[in-house]
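Just so it is clear, A, B, C, D and E label the chains in written order, and each chain counts residues from 1 on its own.
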Amino acid sequence: MSARRTVGRRLLVAVPVLAATSMGMFALGAASPYDPAEQYAGAAAFTATDENLAQLRANWGVDDPLPVQYWRWITNLVQGDLGWSITRHEPVTSVIAARAGWTLLLVGAALALVLVASLLLGTVAAYRRGGWLDRGLRAAAYAVEAMPVFWLALAAITVFALVLGWFPAGGLTDIAADGVHAGDVAHHLILPITVLAVSQAPWFLLFVRDSVADSLRDDHVLAARGRGLPGRTVLFGHALRTALLPFLTLIGTHLPELVGGAVLVETVFSLPGLGAVTVQAALGSDFPLLAAITLVTTAVVLTANLLTDLAYTAADPRVRLDG
Amino acid sequence: QDSNGGTIVVATAGEPDTLNPVLNYGVDGASLIFDGLVARDGRNELTPALAAALPDVSADGRTVTVKLRDGVVFHDGTPFTSADVVFTYRAVLDPKVDSTLRSDLDMLDAVEAPDASTVVFRLRYAYAPFLQRLTLGIVPATALQGQDINKSGFNRKPIGTGPYQVESWTAGDRLVLTANDRYFAGKPANRRVVVAFVADDNIRAQRTRAGEFDAAELAPKLAAGLGTVTGFTVHKVPTADYRGVMLPFGNPVTGDLAVRKALNTGVDRKAMVDGVLGGAGEPAYSPIPPTSAFADATVTGKPGADTATATGLLDAVGWVPGADGIRVKGGQKAAFTIMYPASDSLRKELALAVTADAKKLGIQVTPEGLTWDAITPRMKTDALVMGWGSPYDPDFVSYKLFGSKFAGEGYFNLGLYKSAETDKALQDGRDQADPAKRKDAYSRFQRQLAADVPWVFLTYLQHTYVVRSTVKGVQPRVEAHEHDVANSLWWNLHTWTKG
Amino acid sequence: MAELTMPRKRRLRPLSWLRPGTRGAALAAVVLATAILACLLVPLLWPLDQSAVALDRINQPPTWTHPAGTDDLGRDVAHRTLYGLRVSLLIGAVAALVATLIGGAVGAVAGTVGGWTDRILMRIVDTVAALPHLLLGIFIVAMLRPSLGAVILSIGLTHWLSTARIVRAELLSLRTRPFIDAAISGGASRVRVLTRHLLPHVLPRMALATTLMVPHAVWHETALSFLGLGLPPHLASLGNMINDGQRSLLTGAWWASLTPGLAIVVVTLAIAAVAAHWRDRLDPRVRAELQL
Amino acid sequence: MNGLAAHEVTVAYGRQTVLDRASIHIGPGETVGLRGPSGCGKSTLVRVLALLHRPDDGHVSIDGNPVTGARYRVAAAVRTRIGVLFQSPRSAADPRLSLADIIAEPLRATKAERIQDRVVELAYTAGLTTDLLRRQPHAVSDGQLQRACLARALAHRPDYLLCDEATTMLDASTQAHVAAVITDHQHRHGTGVLLITHDPALMHRWAHRVIDWPPDQAAPATAVEHADHH
Amino acid sequence: MTAALTIDGLNVRFRLRDATVHAVTDLSLTLHRGELLAVVGESGCGKSVLAHAVLDLLPANAATTGTVQFGAGSRPVRELRGRHIGLIPQSPATALTPVRTGRSLLAETLRVHGRATTDADTVAAEAGLDPADLDRYPFQLSGGMAQRLATALAIAPDPAVLLADEPTAGLDRPLVDHTLDLLRRRCAAGTAVMLITHDLTAAQRVADTVAVMYASRIVEHRPADEFFTAPHHPYAAALLDSLPDRAFQPIPGHPPMLTDLPAGCAFAPRCPHASPDCAAQPAISDGAACHHPLSVVGAP
């Protein structure tokens, strides 16, 4: 099936998927045990009267039946209004506009780092399988996967910010700086991006390592060596090329994990991203914000999966693309 | 050369949701951006702020007249007038506005402005501590008039009269304030203030250690660790924030006075202060903190566990140990559940400490960590680790927490405690204007609570801060539960100087 | 023809990795076995009162009586770690298995049936991937009320996506290979081709995913517990302990968090080593692989 | 009409039409030789006849019964009536199975009885020594693997056997052995054999009838007078 | 004639879990520039292993002893692969990287060995492959096309020694001839070619010398014309006899198991001329390793 038809079909399918995720989100939110009014009031919930809290709920219309809320949200959405975030006290659009960029930068940069590093290291480890690099990398990968991200972050801050003083310990810009300067931000983001990347790398690294190790045993690799191709070409051009499939697959499904990791990294490094806001929105049953975030993530996940599916056919022409 | 001094950077965990006092920002004053009609000084005594003098209360206590200070202007240059005060309070009372302050102002009937520099509050009933409610920051009517306050851009970039105006607020990161040179109480000593929001304790400690902050709130043990680093001073600030176990009357075990009293004497408050709070606290015996003028010094106890007395109390009324060491009376086992909110680790630890102490008395306590929605339906029959407290007036909180009128309403009198004596004392405390009579009323209240033990009060917390030693002008005062940008150690930040 | 006999089927001898020459795997197996044995025996030999605290001996460094010190409520860290392993290993292993089974099944169906089934299943995967995991977790726990089973389900039901897509992708590539044609021509049913020819090729990948999921599940358990949706936070589970210990990390009482943390790292490494060893034994090509 | 036949089948890969309304018929007990230039679609025809590829047009019939669909859609009992020897034994053998398993696989798939004995018998027939049975494809030579594939193809005693260059991997002696085995099988079970080979001598010696592919370009099927190899 | 490839005392053993495969035993052989050596023998006798051993491409469980020398140099084989010694692998279906088109494989090989990537079409045509088919992926190729692509890949670097493992399998007659001519032309240009094949007709057509392998050993190694008219070794004779245009009868008896070879001549159990002498390993004499060479037996 041609790529264009696939894209077209996926675009069509995106509509019901988006509807399903947003509806699912409302349903999940309704099942959530959290009361938005109490979350909103915070500590004041204990001194606020029942009547006061009820009035808040009435103001937001969160006591309306679910279909009513969903319908209201949909009709507003069609008019380009994403609604008002109860937890952030801002229009949903401005929450997303102000924060999505940073999360995207963090996640995007970390993903790029993860991809490059795990492709390189995984392939080299597979090539030297059984050697100290392979064993070291694999042990490290499992250890990192088992380790709280928080430890990594704290260790990174202690070593690189406190002991060595190379990077700032947190924040988006220098605490005394005014305005946002690219260099300053880059300097501040190196540590969080690296921590996020390291924490997410094990899956990718181990999968690359395993499938490259598998394909290294294939006849075509042997044949490529027989043609006198240099080791690097054989490794990356033949072994890795045939082993890319599981790796590509992971990118799409690991986005949520990456975003989940970003939540932690954002909190630890005090970065103003979407991560913390999502948790807050979930706890506060902030439907409009949740729905919008879900829409964004759905769009990202759909695009990522479409791209990886297209990449499959490029990476492995034997795969016939469906859907 | 900057004669006004430089930048002060403070770090805190809690980030406000909005910067609008109407929507609960810094309602107890000291918000750096806004002023109330009155403010509190270093001893939490009321002083006039936007009011020219402390307000006048009529003889029947139902009319409060405030003369406003002259020549005050908002950050945007508009003059401050009585219309702004009226607007602010009416906004709070407006049901369309998402404010929880309304619950605290239910005595307020109307706000009027007879002239540009006078405001008159009319109350439904006499309410002695009403002036304490006038610390609410005043917002400019012109900036908000005709807008949906819930959704106004003002909430994120507000205009006030306070010592600092908002330069920028990057949610999740920092709030940057610049000095308001026209501040009525004089130019602030610092040009800029940066409030950094760092949610995680450990990270805040590390960043403080890295020298990013001039002052930061830290957990006691982390603060102690930084205290050994030269260049930092640790401040332990007393609060009115107590923790205790609410014992429901609807439960056959906790409903038994002997059990309640035994628990009250049998818990080891000192161990909790040292072990759980890392020394940053004091034992609590009543909801009125010892730092308050209303505290009754006779209502106290032994900081350590008095197991002998406690078991004596139980033995006396026939709670005898069964085969498994758990006491039994009339077929009823001395066993009950203590709930705690699962996400609150302090309350979890207190619940466990109480459990361990109760075990020594032969009472079996089962701790359960739950979400609020699971706690709520069980509050009438299961004990709960609770906390609250206000340093400003004993009527705040206690009236609703222990008054029988509020039994079972919201989170107020959860344990269905009913005592005519207590009701009377609380009512007197709010009706009487005379401080001496009020003090007497609250003495009665405290003694009655000590007799009925609807709660086992455990500890008062202390907030700990580290401040760079070169910073001068730090003046700790008794703090409330809520403290972040407003009402923290930096309540008087505009007078701090950095050497 | 008499001299020809059917070769004995290669049987797996589960303990043969204890042979010399595979010391790493043997060590890992011993570690894992010890951990599992300890989990099974500790409640019998050394019962723990989950709510007991001793405020008079908080934050004590490791000594002979408390080999891993005490935590900030005076509880013995070593004892609680053993208990925590019990709960966490159970949650981790079962949740990982649930996720692998669901993922494997969805991936297998999508990858072999194809067509509309595949499209619909993959869009469901997309949908689940887009919903915040936290919310899904909350929803599942809210339906089932906090309990061990609910925690396991909420983790298992949110973590099958990677496995599903990996299995599907590999099957899509495998199913066009001529040896599959040969199997079909030999009369194999769809199910048989799947279980006998397709899945064995992805099994190593699935095993890897399962191994990685075990520690991951422990983290999710912690996150849920912290929200009050998992196990009660005072219960000894590795996640809870690391969470609690985190506060003492910088104040010198590192053992409270490090001990349970190390426990999970070591157990994960042991599981990984044992799994890798098993896989290598099952795939004979490894032993005869070419050298570059 | 008895026999395995393709009727006017058309197969296209993308835009390239490989088989264009092609027909062929293999009668029971008959050996049909098929030859044609490389890439002309012989293997494709084999896949169609083996019910592994659904033609875009036309159909396959077995003993007069048209078969609809292909692969799993065809009943296993029908599929197993046709044995296939694929052109490349390497890619037609599951690299994870031992030779014994490869041979046993079709038997297990249809839950045959006495599998063990049958495998030994088949391996013996195909000329495989015991030491090879436990090895995996990567540890045997191509010719040995081809013989394992032959054993597998004969496992179900197929009524039709499609040999796509089945003997190119074999030396002359083994080739003769395999030919004898197939012929013997053919005699005992009345199997119809399709033989694709480029070796004129072999074709001449073995096939009853030779078809030049593609049929429309070449001369019509020629019957060869064949030497006595019975 | 200069030696392009000298193999001396080569032994290859595969260690399996419970057995050792003697895949190549005590094999010595010299291949001269411009010579086309055909290696024939029973399937599974070790021909492909020999080729892989020469190229040092055996798997890890193989143990190799003996020496292999290219020309007069002593550089390690891994530096010589491709440019100096090329291999046409036996199973092109699996030897082609499945996810890359023929063109990309061919262009890469050309580039690595310092030739212009634009030569791809020429090289493909030389191997008999339609250049248009270069743009297909391996799975889209027919068996014969894959074979020709594999040939093109091997000749692309212009190797001085070419090991061709069944390069004509699956090709139709014209293409077989095309490939054989190609090899012949290479020889004329100085290349040494080792043609491993089952196609004795093809061997006869192009080979200068023939080596017959049986059960891991070379049992006969003689000039082609002599060999085809009068093979010395009984196995060689039997092999020629089993051709379809001759007796078309398999050699009686079982092929030997390389895991369990007899001490003496491995063919003895199947040999009509076997005698007790055959319990000892015969040395090569007069081009054949046999105690009772046919020319002697059959000599008047």
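Simple rule for what comes next: a contact is a pair of C-beta atoms (placed from the backbone, for glycine too) under 8 Å apart; a residue touches a chain by one contact, two chains touch by 3 or more.
Listed by chain with UniProt protein names: A, C = ABC transporter permease; D = ABC transporter ATP-binding protein; E = Nickel import system ATP-binding protein NikD.
Because the structure is predicted, anything quoted here is derived from the model rather than measured.
**Student:** Count the smallest number of chain-to-chain hops linking chain B with chain D, moving only between touching chains.
**Tutor:** Minimum step count, chain B to chain D: 2.
**Student:** Across the interfaces B-C and D-E, which one involves more C-beta pairs in contact?
**Tutor:** Contact tally favours D-E.
**Student:** If you average the Cα atoms per chain, which one ends up farthest from chain B?
**Tutor:** Greatest centre separation from chain B goes to chain E.
**Student:** Quick one: report the Å distance separating chain A from chain D, using the average Cα coordinate of each chain.
**Tutor:** Computed value for the inter-centroid distance: 52 Å.
**Student:** Could you work out how far the Cα centre of chain B sits from that of chain E, in whole Å?
**Tutor:** 91
**Student:** Centre to centre, by mean C-alpha position, how many angstrom separate chain A and chain E?
**Tutor:** The separation of the two C-alpha centroids amounts to 55 Å.
**Student:** Would you mind pulling out the distance in Å between where the CA atoms of chain A average out and where those of chain B do?
**Tutor:** Chain A and chain B have C-alpha centres separated by 38 Å.
**Student:** Could you pull out the residues of chain A that touch at least 2 other chains?
**Tutor:** 33-34, 150, 154, 217, 219, 221-222, 225, 316, 318
**Student:** Residue numbers in chain E touching 2 or more other chains?
**Tutor:** Chain E, residues with two or more chain partners: 14, 57, 59, 91, 93-94, 139.
**Student:** For chain D, which residues are shared contacts with two or more other chains?
**Tutor:** Those would be 88, 90-91, 130, 138-139.
**Student:** Any idea which chain A residues touch chain C in the complex?
**Tutor:** Within the complex, chain A contacts chain C at residues 13, 16-17, 20-21, 24-25, 27-29, 31-34, 127, 138-139, 142-143, 145-148, 150-151, 154, 202-203, 206-207, 210-211, 214, 216-217, 221-222, 225, 231, 234-235, 245-246, 248-250, 252-256, 260, 278-279, 282-283, 290, 293-294, 297-298, 300-302, 305, 312, 316, 318-320, 322-323.
**Student:** Which stretch or stretches of chain E touch chain D in the complex?
**Tutor:** Contacts found on chain E: 14, 16, 19, 21, 40-44, 47-49, 59, 90-94, 133, 140-145, 147-148, 166, 169-176, 198-201, 238-240, 242-245, 247-251, 254-260.
**Student:** Going by the contact rule set out above, which residues of chain A touch chain B in the complex?
**Tutor:** Touching chain B: residues 33-35, 38, 40-50, 52-53, 55-56, 59-60, 84, 87-91, 98-99, 150, 153-154, 157-158, 161-162, 165, 168-172, 175-176, 178, 266-273, 276-277 of chain A.
**Student:** In the complex of these two chains, what residues of chain B are touching chain A?
**Tutor:** 7, 9, 17-18, 23-24, 95-96, 98, 100-104, 106, 150-151, 155-156, 167, 170-174, 176, 192, 194, 196-200, 202-203, 206-207, 209-210, 212-213, 371-374, 388, 396-397, 400, 409-411, 481-482
**Student:** Applying the document's contact rule, which stretches of chain E touch chain A when the two form their complex?
**Tutor:** So the residues of chain E in touch with chain A come to 55, 57, 78, 80-83, 86-87, 89, 91, 94-100, 108-109, 112-113, 137, 139, 150, 153-154, 156-157.
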